[in-house]
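Presented sequentially are two complexes of subunit A, the first with subunit B as partner and the second with subunit C.
Up next is the complex of A and B:
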């Protein structure tokens, strides 16, 4: 029996540590621990609720805009504010931009090198690579000369001894299955995606005033439209947005999706690995008729139990019996003790660290072992993320979602059950990017039509003045971050924040066991995963990366006594 | 995209403070940038509060010739110590440079591969360890802000030494 530890703690302070027990070449048990404490709730108490977005936006560097969105919604929900149509559209454009950029970066820069062998790409034949690339799509950069130049540059880079981004891979691992030429295409697009991504985020700068950490506003959006005015968002800026959107759609359709499908075709065995939990939760997002009407969201709201796609349950963020957080294995204490679950409106953030000081060899997994609380929906562990969003939409018969999912399943010649896997999770992320790339065009066209017809309103200021607020009120803002269901809960008393709680996607997926000993999504997904080489646990990385965890990790291998025998750093 | 005052001939310089202002001393880089008066710099110099922007910072970094990066590091030095470093590859960075930028510095390597890397000068400010969630700097770090602000102001007057080659993937 071997215990493998994936942990950034000894390298940098990070979010996530995984300990996995391997027996007979397969994982038989796993533990996921959040090793960085959060306490944003404490900073927010007593502040003006209208300012909360600016603080929560800095909780995470990747999901920055969606935290701000969840925050303004939470406050609007509490006070009873609905935003003008243009504000809904601008928020949707910001949301779509974030998802497209984040998903592409995840695929190429955080996940692709789990499947693409960079060193193998060095011996690819550029002519053959060009031929294959041309069968994938009509993307222009497919000449033999292009691939040959890239390969030369890559060789010089590797020969310099500074592998840099490529230093931490398990190159030559038997689990890599792609032909050399497909590996070279993967590396080429890794670099092209890096150039591409810097453009699309300019949409955030235009509508949010700045980037990173763009501006949000309770009651609307902080941008003014005037098609003729130099200092407003005018025709020229909107034309630039149109170009950015077109380029983004082009990259998704001609590079990301063809690469995803090509790579998936070589790794169909991963459609039977890493499924994990059988319950899925999505809050949904991208309203089309206001936040109060989730049935009209592009991503619908709902929960699926036992992988039964014929039944999607309603989800209510305000029902105190639905979403509860437990701390049986988390370094917190509740007034009511370790066994109770608290709805976020009643949430408590009292730290109770009982673990070892880092760096430590092994967590005490019988007791408390994580800084993440353990959220449950009706006491069920739930997976959140792109797969959950697509399954909820699929289960509800959403025609657009069914179309892209069924098309991909047919192309790969796999049944719908293939979705419940590591590969399914990675594919779902790409497929929803396709949908979002369509939807961002719809939202932008609708915004342009509104502006052309003279509808310029972006803010509802009716309840901006705190004297219009009730003495006490509470709200919830349900949203989706790229990596899954995100919600903020607020209690407002005497115009100030009385309590503020966040339940973030990684809390659902990466949390420790609950009070009944049930595993959460990461832990469950690792059970049964094969590990070919214990010194190079590429398979663990594949499954954990398929959830899109926020940070790079370092991997350490331990023997059964917890003795450190090997260390490899992985991104 | 952030502004358009840069003239075409002068090398573009970005003073970029990064860190999490919700985590006490960890946010020192942002405090330094906020202490600078951008209007007092020549038009080719830009100041940016990078916050915890990670990959979102690639765009501003890719569009300039020289980046003056200010960040906190937990390197065992006396809190408040400041080191000027000129890292080239990700492995040249202090390996305890804090969590928010790990993806960023790793991706800088890709710029070297593509020939699009700006010159990076790092002002690493030592802090004692990750802090509780507070927004104030500790008493030891508070006086360091104006000191580093002066250092990076002087640094911004030094033009970049490297000439960037053209990207292969642009």
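Up next is the complex of A and C:
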């Protein structure tokens, strides 16, 4: 029995801690704990609802924009505002931009070093690397000289003795399976993606003024179109957007997807590891006929239970019996006690830290052990994220989704059940990026057609003035973040925020057990994950990273009785 | 340690700097970082031997928007920074190692580079409940910060969280979120903004490393190089303000012509930042240019400075010669309803002439923008 202390897990956003049990080289139990809290829901109380988007956008700077979008929708839903078509299209363009950039960053900069051995790339043959790269796609940067120069730069870096971000990595670990030439391609594209990602976000800068944290607006979008004016979004700016979209499509189709498929081919064993929960939830997004008509969303809404893809259940954010948050193992207290679940409209945010005072060695997982609440859909634990979105679309018979999923399964020669895994989660993220790269072109074309017809409007100001609002109202904004289903709930009273609650993707996935002792997605997915080398948690972070956590993690392994029999220190 | 990559001294020597100038560089670095003169020898040795200065990047209460902004830098690009400029030895966002291996990176860097590493801090530190609101590896943010700051050559506070506390410090500040400079007993370079502009972040770092001195700071610890001008002073829409030409409602005709956003709540007149000059994402745009007012995200307590869509009341020191130190953050008062009463009288006379020219150039046959006649010719409340 071994206890390994891994703290923190890096290449994620935020602060999270996981304690897990290892027996016979496999994880048999796990506990997930969020270790940072800011109390933004408490800060929102009493504020102007029109300001809320800016506050909640600061929940996350990695999936920047998604909280702002959910927030303006929530307020518009409460007050009864529908946005002009151009505003819907600009929001969709920004949504697609965010997903493409975020998924590429996740694959190369947060997840790739779990699969790509950087040190092995040092001994790759540049000629051979070039040959392989040219079989993957017609991306131009594939000459032997290009890979040779890159390798020299990498070698000089390693020879300097200062390994920077690559220091103490798990290089040479037996779970790395890629040929050294593929590792070199991975390193090359790590650097290319790092340079490219700062370009695609310029779509946010054009429409929202900056990135991270571009500007949003209740009732529409803040930018204006004027094709006869240098001082607004004009032809030049739209041409720039068009170029950025084309470059993004190129990068996704010629770099990201070929790399994903090539790497997945060497790690098919991970299609049987890390499956976790068998329930999936997606709120859907990318409206085409307005937010009020989810049946026309590009990403569809629904829930799947027990991996039964033949049945997709309806989901209603306003039904107080569907989504509830529990705090049995969370550092909060409810007026009604620790066993009740509250719909977010009735949600309470009262801190109740009962954990050990820092510095501490381990948490009391029998009691409360996380700053995350535990959300449930009809009392079921649900996984959210790219895999959930694709499965809901697949289950509903969405032709576009079926096409890209089936093509990938055929290429990898694996059955559809391979999706329920660590590898499936990582592949789903890439596959939906392909779809989004198609959709962003459709949305841009539609925007151009609108402008061509003289439709310039970007804002509906009818209910901008708070004096037009009802004395009391409530709303919900359902959306999708790159990491999964995202929703905000608001109650407005006397023009001010009376209550504001967020249930974010990582709350679904990373939350502690519920009141019935049922595990959430991270905890469940770690069960059965192999640990080949004591003290090097490579396999654990592979599965955790496959969720694209929005939290910095700590992973603790200890024996079932909670006794620390042996602590491994890795030098 | 003499390997393929040149040390700072070798690099300076190659560029024609004398040994004397190199020693001066080290001296300034020591003085600027506020470290004791007895550590001077260590700094010289560090810059002589270490190819790239070691850097530790800590995360506390934040949203990682500062890290995200940093990797958006257009000049220099972040790959060149990581490979050539500095040695990013600990960064939870990008480093390959996790857990014990990551902790070892941090401990080794601090142990082997006492007084020589640069500490970058993203996020505020929660002081309530014994630090339980932010722990990493079971240790409180405060404990980690104090340990890392003790032997750092310089401390840089990234963004408004580390500089001012930002959103989690907004009322009622439920976790006691506290900025870095209040917790470490040494000078801190504040680089506020939510997030700061990418090129400002890389600019501050390269200023220290390449020019051998930290940039001159104002009384709030902000580099004057980037924070000495109000967004309003350098805004390309300033002529419309001077001419009294304002956006009155979202996406109105004035908005489609890019007039001033002052009446829509723009905080440009009380916000010190480089947005309207350096702009964002490779000099492309900034909030005002894309139609939304500045929300003042680089100013202390901007979240509690009144609702974003109420416009500012008059404030003193209106000339563009003013700096943050002569006006201070207290100028950011908000008055409800006093829409027309603001300080533009000195330019009122010019307004009709400017507007005439603008309308002529924009729409020769139809001067369709109504002049703001309610602004008195003698200037309302102008002081």
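Convention: the second predicted complex is superposed on the first by the 536 of 571 C-alpha atoms of A that agree within 3 Å, B and C clash if a C-alpha of one lies under 4 Å from a C-alpha of the other, contacts with A are read in each partner's own complex, and residues count from 1 in each chain.
Everything below uses one rule, namely that contacts are C-beta pairs under 8 Å (C-beta built on N, C-alpha and C of every residue); 3 or more make two chains touch, one makes a residue touch a chain.
Just so you know, these numbers come straight off a predicted model, no measurement behind them.
Enquirer: Subunit A superposed: clash or fit between subunit B and subunit C?
Expert: On the superposed model, which is not a single observed complex, subunit B and subunit C clash.
Enquirer: Now for A:59: first (subunit B), second (subunit C), both, or neither, which partner does it touch?
Expert: The answer is both, since A:59 touches subunit B and subunit C.
Enquirer: With both complexes superposed on chain A, which partner does A:149 reach: first (subunit B), second (subunit C), both or neither?
Expert: In the superposition, A:149 touches subunit B alone.
Enquirer: Which partner chains sit in contact with A:222 here, subunit B, subunit C, both or neither? Use first/second/both/neither.
Expert: In the superposition, A:222 touches subunit C alone.
Enquirer: Output check: A:355 vs subunit B and subunit C. Expected answer is one of first, second, both, neither. What do you get?
Expert: second
Enquirer: Between subunit B and subunit C, whom does A:212 touch in the aligned arrangement: first, second, both, or neither?
Expert: Both partners, subunit B and subunit C.
Enquirer: Can you list the residues of subunit A that meet both subunit B and subunit C?
Expert: 8, 11-15, 36-40, 42-43, 55, 58-62, 64, 109, 153, 157, 162, 164-165, 167, 191, 194-195, 197-198, 201-202, 204-206, 210-213, 552, 571
Enquirer: Quick check: in the complex, which residue numbers of subunit C touch subunit A?
Expert: 1, 3-5, 50-52, 54, 59-69, 71-74, 77-79, 82-83, 86-89, 91-105, 126, 129-140, 143, 166-168, 170-175, 177, 194-195, 198, 249-251, 255-258, 275, 280-282, 284-292, 295, 297, 303, 307-309, 362
Enquirer: Along subunit B, where are the residues that touch subunit A in the complex?
Expert: The touching residues are 1-2, 20-22, 49-59, 62-63, 74, 88-91, 95-100, 102-103, 106-107, 109-116, 130, 132-135, 167-170.
Enquirer: Residue numbers of subunit A touching subunit B in their complex, please.
Expert: For subunit A paired with subunit B, touching residues are 8, 11-15, 36-40, 42-43, 55, 58-62, 64, 101, 105, 109-110, 141, 149-150, 153-154, 157, 162, 164-165, 167, 188, 190-192, 194-195, 197-199, 201-202, 204-206, 210-213, 551-552, 571.
Enquirer: So in the complex, the part of subunit A that touches subunit C is made up of which residues?
Expert: Within the complex, subunit A contacts subunit C at residues 4-15, 17, 35-40, 42-43, 47-48, 50-51, 54-55, 58-62, 64, 109, 113, 118, 153, 156-157, 159-162, 164-170, 191, 194-195, 197-198, 201-202, 204-215, 217, 219-226, 229-233, 351, 353, 355, 357-362, 371, 456-459, 461, 464, 535-537, 541, 552-555, 568-571.
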